[in-house]
Each structure stands twice: as structure tokens, then as C-alpha cells.
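Both complexes below contain chain A, partnered by chain B and then by chain C.
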Partner chain A sequence: MGQFLQFAINGLMSGAIYALIAVGIVSVYKATKVVNFAHGYLIMFGAYFYFTFAVIVPQAAWAPAWLASWQPDWLVAAKADAPMFSPLGAVLDWVSNLPRIILGISGAVIANALLGRLVERTLMRPLMGQSIFAMIMVTVGLISILSGASSIIWTADAAFVPHIAPNTPVRFSIGDTMIFLFGADLVNMVIALLLFGGIVLWVRYTKSGIAIRATAEDQSTAYSMGISVPKVFSRAWVLACTTGAIAGAILATRNGVSPTLGLFGFSVLAIVLLGGLDSYVGVFIAAMSVGVLEAMTQWKLGGEWAEIVPYVAVLLVLLVRPHGLMGSKEVERI
Partner chain B sequence: MINGNLKSSYGSDERIVNNGYKQAFVYGSFLCLAAFALFANDYMILIACQVGILLVAVVGINILTGYTGLISLGHGAFVAIGAYAVTILHNAMDGIVPDALTALIAIPVAVTITALIGIIVGLPSLRVKGLYLAVATLAASFIVIFIVENETFAGYTGGVVGINTPVPNLLGWELDTKREMFIFISVSAVLALLAGQNLFRTRVGRAFIAIRDRDYSAEILGISLLRYKLMSFALSAAYCGMAGALFAYFYARILPEQFELELSLELIAAVIVGGMGRTLGPLFGVILIVLVPELIKVTASVVTNGDTASTRIIAPLQEIIFGLLLIFFLLKEPLGINHIVDRLIRAANRWPFARG
Partner chain C sequence: MTMNRRAFLGTTAAATAALGTPMILKAQPAEYIIGASLPLTGPFATAGQLVAPAFTMAQKLFNDEGGVAGTPIRFVTEDSGYIPQNSLANYQRALASHGNNLVGYMADSTGAMKLMAPELKGANARIMGSTSFASELADPATHPYQYVSGPSYQSQFDILLENIKAEGGTTVAFIYSNTEFGRDPIAHGRATAERLGLKVVLEEVTKPQGADIPTHVTKLAQSGAEYCILQGYVTGVWPQLIGGARQFGLPTKFRGTFWGMEKIIADRITEQAGPFLAGYEGVMPYRYFWDQADAPRYQTYAKYAGEMFAGTPLEKYLSTWTLQTMCGLEIAFKTLRDTAEAGHELTADNLAETLAGISDWDTGGFFGGPISMVNNAIGTGRVYAYDPESGLFNPTSDWLSV
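Our next item is the complex of A and B:
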């Protein structure tokens, strides 16, 4: 039972990050009806941008010293007093990394937003109104371009990046079992859940969110009601890329920055289809359950079996429910 | 083609190559292939073999995507199944069956196995279409590669480090040089193309096209979607299995990473670039997909004089150009190279009158 709880909580934490990535795919689909196969590679770019602004830039010769490691007097004094390996020490380490973490996150978000805008303007806008097949295949072509470009621009493999939150070990007990977690993972989960919830509320209640939903319902009617559909498209792409940048930064702190991050997008794509392409709730449920399932597989069968869990799950669910758990059915006319 | 189409009997109308130009083209290409096998240098033979192997697989994808209208992003897995099945079968029959027969038994059995797995992978196509099917096939291909790499089956598949492949022996003719393999591969590729062309003169092929154009309407016409969609999957998987068998016999060693996503994308890209639902589309597509990276490599080595620092960017550059090609054709020429060729031939045919 104790093991079960531990792995279930681990699963929920990675499920939250799946949900954060999935929200990008769902938002783009809702607004533009394009399923973005290259989303994983946009996330990889987010991770590399975070690496650039949080590691490469602060270490550059022209960067001020406080950017790489912030050492005000009070911090040095507090560090000297803190006992070794204590939670306080980890927090203080994090505080001295804070400037570059902030620079990294904001840089990654801005750079990825620009990238998303570029992709939308050059590749997606000319395809408005084209067949689904062409749009899918353009994002597939984008995969090659992004992965090639990233290996020309960044050479480093699996580099280390600073954690977003203090990485103190957290121990607590539920009933009679001890649960052991890392602080950074916990904060990552909270960030992911807040962003997910925020986006769902934004789409539900704000004016621009309603514009997105109207465009999803019927493009030409939305146009005639005074909604600028191209603006909605680019807004959805920017939204997907900014959430992707944050997800990329989180993944980078968990697994290191490497070209394999792009493949992550495919398992999230499987999760999105599992939950239903246009349903935030369904995707959230799917992300959480796949996260937990993966953790259970890791526990029972070993780490490598966990990587095919989303694919097996999506195949099984598609056979029973062709539009995912909560996706809306397409009505077809002959 | 406007002229040269005078038919005086139904028989001549129904032939596979049904007019003089096509006949001249087909027999002419046989001659060219024979001359190529005799006179080409080793490097050209190597490239031609790569084209031939991919061509067989792409003809298969063309049946599925171009003619039946079902998208698959996972056909690299079928090539893997074909390659591994033929290797494992060949090794298993070693010593039991005479050498001269092993390959001749192993290839059809491997192709059948691949077709059967194709039917299993095609099962979701009955419930889902378009995008959902693309993801379902993608998922299936990840699972297949995972099984190949998994340690549980490493005794058969060699796991991540791959497995050495045997040398085929067709009735005593040992194909131990690349040139001999080229003959085998080109004969298979030509047969694959002709069989593909022939398929669409039959009931089955016409049913595929009806499904592509509108599946519900096809069902109303009495075409069983269950049967024909699965048949299309089985056929295209069989072609890919054949390509895999050729792949295994051609290279000395096969590795699971050769069959990953990249291969699947290359296959589907070749169909799109060449022209979907056209017989020669796969040929044009594969030639472009194979030659462009080679050209980049050759140009880069000439420009940089083999400088090691710059060789690092060749592979990413090839990847980027591949993506750009795919996107360019989708945006600017969705009907593919075959359509460009059509236009050129039509212009030549009508010269000096209107072009179009």
C-alpha cells in the first residue's frame, strides 16, 4: 500500500506536466482544427531556450556576475549559518539562482512565443481552409525542420539546468506510510495545474477565449460576427508555444536538455486523443490517468515498459470510443 | 496523353500498359535498368538499391494513403517486421532446409506475417479516420519498435544492438555482391510497380478508390468497409514487408533505430512529394527523397573539403531540407512531381499549340 501511494503521487505529478503540454495541442486544435504533431519539438525548443537564457547567457563573459550567481551580503551570511544538506540550504541555493531562473523562464516564453507566431504566419496561415491531411503533414514536415534546426543551433547534449523551485526533499506520512518527494517536483505540479486551470477559465470567461470557442464552432459565422479569425489563430499558437516553453523548462529540469524531448510530444498526442481532442476535462483526466498508469508500470514492470503505456492506452480506448473519452463526435454528411 | 490511344478491341483497352508510349517507356526502362546493372559504378549501385528498396515500401503506402485515403504514420514498423521476420526465419531454417531454398521460403512467409500484423494494426481504421488513424498507426509503430528493442525478445531480435543478416541464395545463385542484389531489388521493384498498377484495374482496386472518395457512399454501393480497409492495410503492409526483406538481405546488419519514426515519415513524404494515387508517384518521390540528401552530402564535402567541423551540420541540414521539401510540395504542388511531369508531357504533346 505504501509503495502504491508513493507511485500514485509520482504519477499524478508527471500527469500534471502531461496536462500542461496537452493544453497546447488542445488549444490549437480548438481554434484552428489543426492537430500539431510538432508540439513536442516546440517544447524541445522551449527547453533549449530555457537552457540558453538560464545557463549559456549568464555564463557569457559580458553578463554581470549577479546573473550567474546572486550573492548579496545577507544571503552569504544566511548560507554560512545554514546547516549542510538542510531544506534551508536548498532554498538559499535556489535564491542565488533566482535571477537566472527568472531570465530563463521569461526568455524561453518570449522566444517560443515569437517562434509560434513565425510558424503560424509562414506555414499555417496559407493552409487555412485546406484539407486536414495537408495540415497534418505540414506539422509533420515541421518536425524535421525543428529537430534539424535545434541540432545546428545547440550542440550540447543532456545539459544540466537549474531547478525552477528549491529542490528540497519533502517527507510526510499518510496513514502509516512515509511519502518521499522532491520540492521542485511538487512546485512543478502546482505550476502546471495552475496554468491548466487558468487557461480553461480564460477560454471559458474572457472575451478572447469566447472568440476562440466561436471560431471552433464555425469559422465563417465567427468572421461575420466581427471576430478576426486570423488573430484567433495566432493567439492560439502563441498560447500553445508559451505553455510549451514552461513545460519545456520543467522537463529540462527533470530529464536534462536533449533532442529526445521532441519524442515526448508523441506520447502527449496519444494522451490528447485518449481524452478527446476538444475537451479540456477529458484531456485532464487522460493525462492524470496515463501519468498514474505509467508510474504503476514503472513500479511493476520496470522503467522501459512505461514509455509505451500511452500508446497502448490510446489504441485500446480508440477501439472502444473512437473519439476519445470525452471528445465530441463529428457529424458527417454524405 | 492525347494521341496514340486508338483501341480496336476491349482487350487492348484493358492491358496494364495500354498505349504505345507507355509500352515504349516500360520496355525502355527495362533496357536502362539492365544497362545500369552492367555499367554503373559501385556508388551508383548503392544509391539505386536504396531507391529500389524504398520504392517497394512506398508503392505499398501509396495503395493505403494514395488510393484508399487512410493516413498511416507508422509504416516504418512494417518494414521492420519484414526485415526481422526474414532474418529470424532464415536463421531458423539454417541447416534444416537446403541453402538454395531458404530465401525463397523465408521471403513469402515474412511477407505473409507482415500482412497479418498489418490487419491487426488496421483494425482501428474501422472506427477512426484521418487524424485518429494517423496517431493510432504511429502508436502501433512505437509499440513494434519497443518490442524489437526489448530485452525479453533480444534472443531473437538482437535488441538495441541489432542483428547480422544472412546472405540470400536463390536456387543456387548466391547474392553476395551489391550488384547482384541490385538485380534482385530492381526486379522486385519493377514487379511491385506493375502489380500496383494492375491492382487498380480490378474490383478490389476500384473499391479502394471508392472508399477514398467517400467511404459512406462506398458502403452504400455495397462495398464492405471492413473487408476492403483491412485488405488495403494488409496489402500495403505486405509491400512494406517485402521492402523489409530486401533491406535485411541488402545490408549486413539491421538495427531497430533504422526503422523508427524517421523511416515512416520518409515513406509518407515520398508518396506526397511524388504524387498520391498515381502509379509513378512513388518512383519520383523516392528518387527525390534519396537523392537530395546525397546531393547535400556531396556538395557539402566539395565546398568544405571534408572539414570535420562542418560535417556535423550535414545531417541536420539534410533533415531541414527534407522538411522543407515536404512542406513546399504540400503548399505549392499538392499533386506532386507526377503532376509536374504530366504538365510537361502534355505541353510537349500539344506543341506548338496551347500549353496547359
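Our next item is the complex of A and C:
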């Protein structure tokens, strides 16, 4: 039972990140009916922006020394007394990194939001009124642009970034089994869940959120009711890119920064299809289920199966419910 | 029509020139070509982009040394994206473009080498090195034209397991990526562990990038392994696994093979996450580039790199990945030169014969002493440990032969 819980929690932590990635795809789809195949690459840009502001900028010759590593006297003294790899040591290391982590997150969110705005204004808005298929194809083309641009700007070099939260180990016993968790992963999960919940509430209860839902229902009617549909499009892309920036930063802390981060978007697309392209709740359930299923498969069957079993399950569910777990039946598929 | 003596001689001279010139050109090419596929994009682009400049340096160095019996050599490199089919297509294009002037090829993965092996027949055969240490390639009976520029992954596992046994270890875990490269030595390692009396308590497969670190570390913790060998990674996963294990407080000692032994990656991890790679050890077939005192060839590289790569990170340090490519190119160059100097045509069969016959070769310091090609591989290496303080991998064993 203890081991089951261990892997279930690991799976939920992965699932929360999947949900945070998926929320961007659903938001853009709800507002524009466009399935954004390039979302993984926007997340990759978020990860690179985090790397830029949390690693490259603080190390620049002109940056103040405290930005790269904050070392007030009390912190230096406390670190000297803390044993290496102790929980306290991890927290103190994190405190030293805090200025650049804050700069990294803020910079990534702002830069990715600007990128989202740029993509929407230059590539998507000119196609308004055209076939949705054309817009979807543009997102496919965007993959090549973003992938090539990242190689030019940051090269294909692998790099590493500081954790967003202290990566202290968390240990507790259930029965005879010791449960191990990473502090940073727990915090990442909480951040992902709070953001996901916040977006769902925003879409449901705020004026801007209702405008997105109305536009999703019928663009022409929304227009005639005084809703600025271009603004709704723009908001959806910016929302997807800002959540994508945080998802990218979290992924970068777990896996390092490299061009392969873009590929995450494709596995999450399967999750979005499972949950239903236009359903936040459905996608949340799907993301958590796939996360847990992956962890359980890894535990019981090993890594060869962990990459296959969850997606076979996705296919089986889609055979029974082609519109996903909670997606609207009239959703057009590509 | 009647032909007088002058017309006959003129026609004969023209015919001889027309027919003979190509034969002369064929016998004496203006240059020899060695093609190469590199992962300049894709998951291992970091390594590919660090390796690419090695070809520029090798071309200048080899030509300064007289080329292949006076004929200059040129390298033609293309991106593969680490996709074996792309490497095969690159090779076929190089054959079509350069014909018999193409005398060798460097592939970029185990998968590419295995995919290309059946193509190396008759007129399409060329000698072929690669970035791979795959055990299957170290077999002249099945892969006569392909060679491994060091010990195979199986041999590297043998070195590590014997080292673990010598330290008094009893349990070991294998964590490896779900790639050809990752899986290569696992079955052999299992057998070696059994022979040595070591218990393999965990065999864990991960994604090559973006692995679920908490789950893998949890399984490692539950296995209680004293040692863990990591296989099939280049820039990612292996540092995160070690970091995760250290955060958990696991006492497991980590070991790696060639592609997990690069200082650049270890330094970057140390800079961002602290000194948790302290004590990490692994097999390196070659000396590291800073160990130049007994390596005259490295001193030559340092001179060339200083001139050719001034202002770039390569000016002072050549990565392990770059050295591996240089070693592969040195083997190809020696094979070509020895074959040409022996007066033989540079056909794949002649080159394969020379390659298989390399013995007691002084590489100028790549290895601890003169080496011989045995089964088209070089079965020697040394165990190094990373020191986060100095940022150096220091030897913890003598040169070992397998």
C-alpha cells in the first residue's frame, strides 16, 4: 500500500505539470478553435527565457554580484554550519538563488507573453475569417520557426537552471514503507494546481473569461454582442504563453534546458484529446490519470512500457468516446 | 575515307588522351573525401556541435602532415538530427557525389552504424568509424568495415563491474535509457555481474531525455543498491538522477560510461546545483585533454586549437566527445596512409585489412601505451572520478585492458 501511494503521488506530481501544459492548448482552442501544435515549443521558449533571466543575465559582467548569488553575512554563516545535502542546506542554497529565481520567473512570464502576443498579431490575426485548418497549419509551421530560432539564439547546448523551490527531501512512513518526495516537485505541483484552478475560475466567473466562452460558442454572435473577438484571441494566446512560461521553467528545473523540451507538447496533445479539447475539467482528469498510469506502469512493468501503456489507454478511451472524456460532441476534429 | 600517317597518329593521341585521362585521374584523385553525419540538431545536438570543429582541425592537421601519400584529404559533414535513416541517406548521397574519392565515413550513432552495415557491400563499401562503442560493431566477421574507437560498452561495463568487485561491492543497479545505446551492454553486464558474484538488484529503463526522476530515484532507493551504473545518456538525466539520489540522502555510488564523463556537463551541474557529483566515477578510454605531459599528439592539437579556435571554448579545452572523434579520424587516417604507402589501392577491402592489422600503434597519448585493434576495437580504458572543487576528472585506476 505504501509503495502504491509513493508511485501514485509521483504520478500526480507529473500529472499536475501535464495539466499546466495542457491548459494553454485548451485556452487557445476554446477561444479560437485552433489546435496549437506549437504549444510545446512555446513552452520550450519559456524554459529558455527562464534560463536567460536566471542564469545568463545574473552572470553578465554588468550584473550586480548579489543577483547571481545573494550572500548576506547571516546566510554565509548559516550555510557554513549546515551539513552538505541536508534539508537546511538545500533551503539556504535556494535563498541564495532567490533573486535570480524571481528575475527568471518574471522575465520568462513577460517575455513569453510578448512572444504570444507577437505570434497572435503577426500569424494568427491576419488569418481570422479564413479556414481554421489554415490556422492550424500555421501552428505546425511555427514549430520549425521556434525550433530554428531557439538554436540560433541559445544554440543546442544543454544547460541547467536553479530550482524554483528548495529541493529538500520529504520523508514519511506509511505502514512499513518509507515515502520519499522532492520538496521542489511538491511545490511545482502546488503552483501548477493553483494556476490551473485560477484559470478555470477566471474563465468561468470573470468578464474576460465569459467573453472567451462566448467567442468559443459563436464568433459572429459574439462580435454582434459587442465582444472584441481579436482581443479575445490575443488574451487566449497570451494566457497560453504565460502559463507555458511557468510550465517551461518547471520542466527546465526537472530536466535541464535543451531543444528537446519542445517535444513535451506532443505527448500532452494526446492528454488534451483524452480529456476533451474544450474541457478544462476533462483535461485535468486526463492529465492526472496519465501521470498516475505512467508512474504505475514504470513501477510494475518497467520503463519500456511506461511510454506506451498510457497512450494505448488514451486510444482505447477515444474509441469509446471520440470527443474525449468531457469534450463537447460537436467539436470538429482534424 | 583514307587515313594518312599524320591523321592516324593524331587520332590515336586524341583517343589515348580521352580514354587515359579519366584513368589517370581515377588513379590519382585530386583529393580524398571522408564523409560524416553529425547530430547537429536533435537530442544530442550539444555533443554534435562540439564535435563538428574537430573535422576542420583534423583536415588542416592531416593535410599539413602530407595528407594520404601526398593527396590532400577533405571532410564533408552533414546533419543527421540523430536519426539513423538520415545518416544512411547522407552516406548514400556522399557515395553518389564523390564516388571512389570517398574513402571513409564517420557515422553518429549505434543505430546508424547498424542500419548502414548491410549497405557496406561491393562498390558501396567504405571503412566506417562512429561515435558508437556498440559491442555488436566490434566483430570483423559481421562488420568488417566498421570499427570502434575504444572499448565497447560491454567492455566498459566489465571494467566498472570488476572495479566495483575490487572495492568490495555486493549489489549493483543498472539504470539505462530506452535507446540502442542504453540497452547495448545490459545483458552482458548482467552475465558479468553474475560471474563476479555481484547481485543486480534493479534494472531500470528511463526516457533518454525528460525522464521522471522522482520515480526512478524512488525505485533506486527501494532497491538498496550500493552501486548504480548509468548508461545511455549524454547531457541529461544522469546528473538529475545523481542529484535526486543525493537529495534523498541515498548512499549509492554512481558509475558511468564514456558519454556520461564530460567535464562541461559536470561543471555546469555543479555550478547550478552544488557539488553533488563528488565521487561520481566512470570509464574513459582516453586521457582528458588537460593531461598533455605524456601526450605529444594532444600538444599538437592544443597548438592547432589555439590558432584555429581562438576566442571560443575550444581554444583551451577539447571535450571528451571531440577527442573521441579525433581518435576515430586518427584511426581512419592511419589506415589510409599505411595502405597507400604499402602501394595498395584504397579499396574498402584493402583498408579493412590494414585496419584489422593495426598493432602496437603509438597514438601519441590518447591511451596509456601502444594499442592494437582487436576485433576492430581498442580494449583499454581507465576509471576517473569527478572532483567538483577542481572541476577535473582524476584517474582512480591504472590503464585497464579487457
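The definition used in the following text is that the second predicted complex is superposed on the first by the 319 of 334 C-alpha atoms of A that agree within 3 Å, B and C clash if a C-alpha of one lies under 4 Å from a C-alpha of the other, contacts with A are read in each partner's own complex, and residues count from 1 in each chain.
Following the convention adopted for this analysis, contacts are C-beta pairs under 8 Å (C-beta built on N, C-alpha and C of every residue); 3 or more make two chains touch, one makes a residue touch a chain.
As the structure is a computational prediction, the values presented were derived from the model and not from experiment.
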Which partner chains sit in contact with A:Q298 here, chain B, chain C, both or neither? Use first/second/both/neither. second
Applying the touch criterion given at the start, work out whether A:W66 contacts chain B, chain C, both or neither, answering first, second, both or neither.
neither
| message | On the A-aligned overlay, A:A134 touches which partner chain: chain B = first, chain C = second, or both, or neither? | response | first
Touching A:F4, do we find chain B (first), chain C (second), both, or neither? neither
Practice problem: Name the contact category of A:F180: first (chain B only), second (chain C only), both, or neither. | Solution: second
Is A:L123 touching anything from chain B or chain C once the two structures are fitted on A? First, second, both or neither. first
Message = Which partner chains sit in contact with A:I145 here, chain B, chain C, both or neither? Use first/second/both/neither.
response = first
**Request:** Name the contact category of A:E307: first (chain B only), second (chain C only), both, or neither.
**Result:** both
Dual-contact residues of chain A (chain B, chain C) 151, 155, 263, 304, 307
Interface with chain A, chain B side, in the complex: residues 71, 73, 123-124, 127-128, 130-132, 134-136, 138-140, 142-143, 146, 150, 214, 216-217, 220, 261, 265, 268-269, 272, 312-313, 315-320, 322-327, 330-331, 334
Chain A contacts chain B in the complex at 35, 123, 126-127, 132-134, 136-138, 140-149, 151-152, 155, 263, 266, 269-270, 273, 277, 304, 307-308, 310-312, 314-315, 318-319, 322-323, 332, 334
Touching chain C in the complex, chain A uses residues 3, 6-7, 10-11, 13-14, 55, 84-85, 90, 93, 151, 155-163, 167-169, 178, 180-182, 185, 251, 254-256, 258-261, 263-264, 294-295, 298-299, 302-304, 306-307
Per the touch rule, the chain C residues reaching chain A in their complex are 40-43, 45-46, 48-49, 178, 203-207, 209-219, 221-222, 234-237, 239-240, 244, 246-249, 265, 268-269, 271-276
